[in-house]
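Both complexes shown next keep chain A, but they swap its partner, so chain B is in the first and chain C is in the second.
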Partner chain A sequence: MHKKKWFVIRFLTPAMLCLLVIFLYPMVRTVLMSFHKVGFVTDSMKEWKFVRLDNYVKLMTSPLFRQSLVNILKIWLIGGVVILGLAMLYSVIITSGIKGKNFWRSMLYLPHIISSVALATMWLQYVFDNQYGLLKRLFTFLYWDAMAQFQWTAPENLFLSMMIAYGYAGVGFYMLIMVAGIDGISEDYYEASRIEGAGMVKQFFYITLPMLKDIIKRTIILYSAAAAGFFVYSTLFSFNMENATVTPMVYMYEVVFGSSIGTTAEDLNVGAGAAAGVLIMALVLIVNAVLNRLIPTESE
Partner chain B sequence: MKNKESNFRRETRKQARFFPGYLLLLLWLAFTVAMIGWIVLASFSTTKEIFNNEILHSGFHFENYANVLSKHKMSVYFINSIIYSLSGCAGIILISAPAAYVLARVVFKGKNLVNNVFVVSMSIPSVMLILPLFKMATSLGLIGSRWTLIILYICTNVPFGVFFLIGFFASLPKALEEAAEIDGCTPDQAFWKIMFPLAQPGIMTLTIFNFITIWNEYFMALIFANKTELRTVSTGLQAIVQSMKYSGDWAGLFAGVIIVFLPTFLLYLFLSKRIIAGVTGGAVKG
Partner chain C sequence: MKKMKLFTALLLSSAMILGGCGGANESADTGAQQNSSAQEEASTDTSAAETAEEETADDGEASAEEEAAPKELSGELTYWSMWNDTEPQGEAWQEIIDGFMAKYPAVKVNVQWCGRDNKKILKPALEGGEVIDIFEYPLEIDLNEYILDLSPYVDVAYDTTGGKTFRETLLPSLLTTPQDMTGRSDIIPAIGYKPWISVFMYNQSIFEEANVTAEPKTWEELDAACAKIKEAGYSPITFDDAYASWLPGMYLARAKGQDWVRELVKDTTGEMWQDEAVVSMAKAFEDFASKGYFDENVGGNKWPAGQIDFGNSKVAMYYNLSGLPTEVADITGPDFKWGGFSYPDVPGGLGTCGKEDPAGCTLLAVNKNTADPDLAMAFVTYALSVENDALMVEKAGITPATLDTAWPSTLVNLKPAFESVEVSLKSGGDIGSNADVAPTISENFIKLAAGQISADDFVANMVAATKQ
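Our next item is the complex of A and B:
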């Protein structure tokens, strides 16, 4: 018995250490930090000054942070509906009985395994380019002048361009999960409904959608977490801390590690960065709680 | 013969019903091929040809790759990323496999709690961790060394690794350990000599996964690899993009994009089935 205990401890300790040192301790420290005024990230706890909720108040009154919250809301809501909607559409197509299911599935998922930086560079330096870009050439070829003249990388259009590129990379991932969910629905339901004369649309609304409730909830939770950590595309699609594409995570990065925010003369400190992190996490938790209330899991 | 023909006709009619579906899929395929195909061709052209819309006019220019590898230091970034990815993958398996094994097969007090802590920590966003981690790395004098990223890549991916491997260890037959015990194996030997090799399929899938994750990681690399010699392909490519304003070497930039893109693309080309099974297994089960 003693031997077994020792065995368990020995096998679990390295992984538990990772948890404590890399996850739990930093998380607690970030929460504490968000209530303090901290000059530099590297300051020890002794140098922190307790300021209660000041950091949060400051964040909420900062126009740039408020803009970042609006942006993340737009990314979450509009982007979420479009991306998850497209993923749903494609997963229904792929499971409808078409030829080459595996090929199409792999093709749609491909962008997700490519480095975001490489992918965003393809979009920015080629697809959206206004001299030799793919879209420019395509619309010129189609004699669609309005679209051919469209400035994809102009500040007012950056958000749209960013979401198109982000959507292209993301749809495949959620599609995969939904396809796995649809594959798990028994063929009998479809068979029976076909005999009763139900078409594809009816089958979708009366069989696929209700049976996929858990999977849809899971994809929304996954998408919300991804949206909360929206960072790479935002930094790659902003050329000068563009208001249109800044997100809370970018804001945090700039406050703590960056240089460009300092020039806005806002009196900010590292504690505010920590507060931004706590707010992001709180948002994710709220979304999860609301979803769990709205769509209770049946299987448990 | 007639029967065959009517079968064929029925099949055609059935497939015709899917026409809108095929169209949407073909549009996506056409776009993907056009985008990546053009980048590949552009990476072999000159910058002048790219701007004049006459790609590959003067044949293949392999010097773009030579340029981006040496002048723009892509070779340094590439080797760094290989080091980070391979040591990361190995470390993750070495730490998470024993833990997953214990959690999957040994009954002990507090097992559920440990299990839940692993699951919860997977959903902690990296913004919540990064500031104290930076402080810790500075205190330990690790800033400016490759070890920082290696340790971080290992530790941040351990919870998912444990979670993923528990399923694989749980599916192995119970008789194996009993047989090992009768043959006089210690639990350690039973794990390393029998169970660990048997879990190879799961370990392989997890490793491919981790390789892609670490290869593409951007946020932590941006913060912890702030020197040219430490950069990964992702942050390195971003540095090249930013320097484009001054160097104007677009052909070289596209060559760089291809170099970053190729390793994970090749992995995917040969192992897409396994990768997809991993995504759906990990996301649906959990």
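Our next item is the complex of A and C:
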């Protein structure tokens, strides 16, 4: 028994050490940093100045950070329902025995493997552009003036446009996971239900959905993780920070490195960035805990 | 088991955050980011060079390149550049580096093309003891402890200064502006190059066609010019989201000065936003919007959509940095006739048109720990010699740094605006200096210019957004 334990420890140690160095150390340092005023991200701890909870107070009183929390909630909740809902719909259609299953699956997954930077630029410059964009030309061609005049990139519509682009790239990924899950459900269940007279809708609610519970939970966790780190689309859809697209990660990057026009060393506050990071981490933990409570896994 | 779960959850959460950080993209880092500014005294008293440095001045003949290299110039230099080697500026720098090494075979110059990432990696590298002799100073970080005071080196004649001292060859502002940009007025912390100014860039052909004969100096003149341009069938003004707040910012800076604008954006009571200056500004732009002076697409313009409209001669004016001609060169072609005028004076304002404008430059600094400061300065002066400055002007379309460099045809009409500036402001009169409020100002101004909200709405929205 002792020999077996020693054997396990020897194999686990390198992985555990890696985890501690790569994840735990930065995490602890970030938490400590969030209580200090720090000039630059690599400054040594000797140069940090303890400021108690000032960074957290600053965040909570910052209208922009509060807006970023609202945005992330919208991205997570509304975006999540729409994107995962579409992914579920597509996966059910694709596994329903349609012709060219592999083709449709590849087509829907394809946007996910294109670089986010290229994809967001494509949407912004070629699709949403208010003069030469695809949508403008399409609606003009259809003589649908109201839609042709629609300013997709105006401040009030930018969030919607960004989420359309983000959803386009993301749906295929979650769909692929769900398709794999549905493929794993024994055909016997469906056959038996068909003999009993169940239609597609009943099959979905009484067979597919319950048996996909674990998969759905995992996709929600994956989506939550992606939403928590929502960054690339925000920065590509907005040259400077904007109320419509700012997320906590964008805010964090701004106060740590400063990317907006006119940023100077005085504007940077790495401690506030760290505090934002800690808050995001807390949010993710809460979401995970709630999900674990709401959707228990099969094994439990 | 529960503890294990908690631990795993913590690790996952931190992984998510780190993963997000890793996704940082650089798309927003455009060339339009060297935008700090400075106070600047145009009348620099160029005191005679008295520093006892060894003089290596040649007689300024064109054959200087072929001359035997002075023996003392040998060694190795490392330059960390804010450019990428594929950018026109990077290509020009590569030619300069090659030329320097060809002229002084005993010198080796290593270059690290950092791009705008230099703001993230310079400080850690310097702290870690990396040998970096010359670097472009990114204003987002504080590197004051690593810079060499260049005062002893500017009043000296070099190989490439044609018998003059280095100071005598440069635009005076390129020695004073870096002092203000870095907050070090006691030393010369860096040498400036690629000077820029923020003005109303305009299409001269449209002005001529619309019979606008003089550049507007007051708001009324701007109004009249816009009316003529509109009459001629063009949109008078456009802008992109990236620079939206500069128009109201400069209006307020003309009305009450930059310091007041800084106070305004830091106000947390909302009261300052009800000031007469803000109301007048909002009314003035509401008036412009109602007269159709703004292009119909300003409400949804995403950079560079407005610039493209301007480059395509659809719009007559675009308030921007003097680097705009380079940015839209592919659209305008070589025959585009550029003009530029200082932001006009506004009613009841301070009358600072032509005297105070956003201006600055790129800073070339020398590390105080460099092994051979003379060699580093020889390289800097070589790079900013008339010949190499002309190379940068030609290749990268930047503004000249030396007094003797010929101005490119695209920028020559902006020269008077450069020369008249007495006080350098920050971009948009520093209206973006409070990151928390800046997006709200831009958003509301875009709506105001697009005619979606009234001046009263603008003021009310700003009061509501800033009141804590």
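Criterion: the second predicted complex is superposed on the first by the 269 of 300 C-alpha atoms of A that agree within 3 Å, B and C clash if a C-alpha of one lies under 4 Å from a C-alpha of the other, contacts with A are read in each partner's own complex, and residues count from 1 in each chain.
As a convention for this text, a contact is a pair of C-beta atoms (placed from the backbone, for glycine too) under 8 Å apart; a residue touches a chain by one contact, two chains touch by 3 or more.
On a predicted model such as this, the values are computed, not experimentally measured, just so you know.
Q: Chain B versus chain C on the shared chain A, clash or fit?
A: clash
Q: Once the shared chain is lined up, is A:225 touching chain B (first), chain C (second), both, or neither of them?
A: both
Q: Look at A:85 in the shared chain and tell me whether it touches chain B only, chain C only, both, or neither; answer first, second, both or neither.
A: A:85 contacts neither chain B nor chain C.
Q: Go through the superposed model and pick first if A:254 touches only chain B, second if only chain C, both, or neither.
A: second
Q: Does the superposition put A:4 against chain B (first), chain C (second), both, or neither?
A: Only chain B is touched by A:4; chain C is not.
Q: Go through the superposed model and pick first if A:176 touches only chain B, second if only chain C, both, or neither.
A: first
Q: Classify the contacts of A:153 with the two partner chains as first (chain B alone), second (chain C alone), both, or neither.
A: It touches chain C, and chain B stays clear.
Q: When the two structures are overlaid on chain A, which partner does A:274 contact: first (chain B), second (chain C), both, or neither?
A: First partner only, chain B.
Q: Counting only touches as set out at the top, which of chain B and chain C does A:210 meet: first, second, both, neither?
A: neither
Q: Would you check which partner chain A:27 touches, where first means chain B only, second means chain C only, and both and neither mean what they say?
A: both
Q: According to the contact criterion defined above, which of chain B and chain C contacts more residues of chain A?
A: The partner that reaches more residues of chain A in the superposed model: B.
Q: Name the stretch of chain C, from among 42-50, 114-122, 222-230 or 258-266, that runs into chain B once the two structures are superposed.
A: 114-122
Q: Residues of chain A that sit at the chain B interface in one complex and at the chain C interface in the other, please.
A: Touching chain B and chain C on chain A: residues 19, 23-24, 26-27, 30, 42, 116-117, 121, 124-125, 131, 225, 228-229, 231-232, 236, 249, 252-253, 257, 277, 280-281, 284.
Q: In the complex, go through chain A and note every residue touching chain B.
A: Counting only chain A, the residues touching chain B are 3-5, 7-8, 10-12, 14-16, 18-19, 21-27, 29-30, 33, 41-43, 89-90, 93-94, 96-99, 102, 104-111, 113-118, 121-122, 124-127, 131-132, 134, 137, 173, 176-177, 179-181, 184, 215, 218, 222, 225, 228-229, 231-232, 236, 248-249, 252-253, 256-257, 270, 273-274, 276-278, 280-281, 284.
Q: Would you pull the chain C residues touching chain A in the complex into a rising list?
A: Interface residues on the chain C side: 9-21, 23-25, 27-30, 32-33, 35-36, 119-120, 123-124, 127, 139-142, 240-243, 297, 299-303, 305, 309, 426-428, 430, 432-433, 435-440, 442-443, 446-447, 450, 465, 468.
Q: Okay, in this complex, where on chain A does chain C touch?
A: The touching residues are 19, 23-24, 26-27, 30, 39-40, 42, 61-65, 116-117, 121, 124-125, 128-131, 151-157, 225, 228-232, 235-244, 246, 249, 252-255, 257-265, 267-268, 277, 280-281, 284-285, 288-289.
Q: Which residues of chain B touch chain A in the complex?
A: 14-15, 18, 21-22, 24-25, 28-29, 32, 34-36, 38-39, 42, 50-51, 53, 94-96, 98-99, 101-103, 106, 108, 114, 117-118, 121, 123-136, 138-139, 152, 154-156, 158-159, 162, 187-188, 191, 212, 215-216, 218-219, 222-223, 233-235, 237-238, 241, 244, 250, 253-254, 257, 260-261, 264-265, 267-268, 272-273, 275-276, 279-280, 283-284
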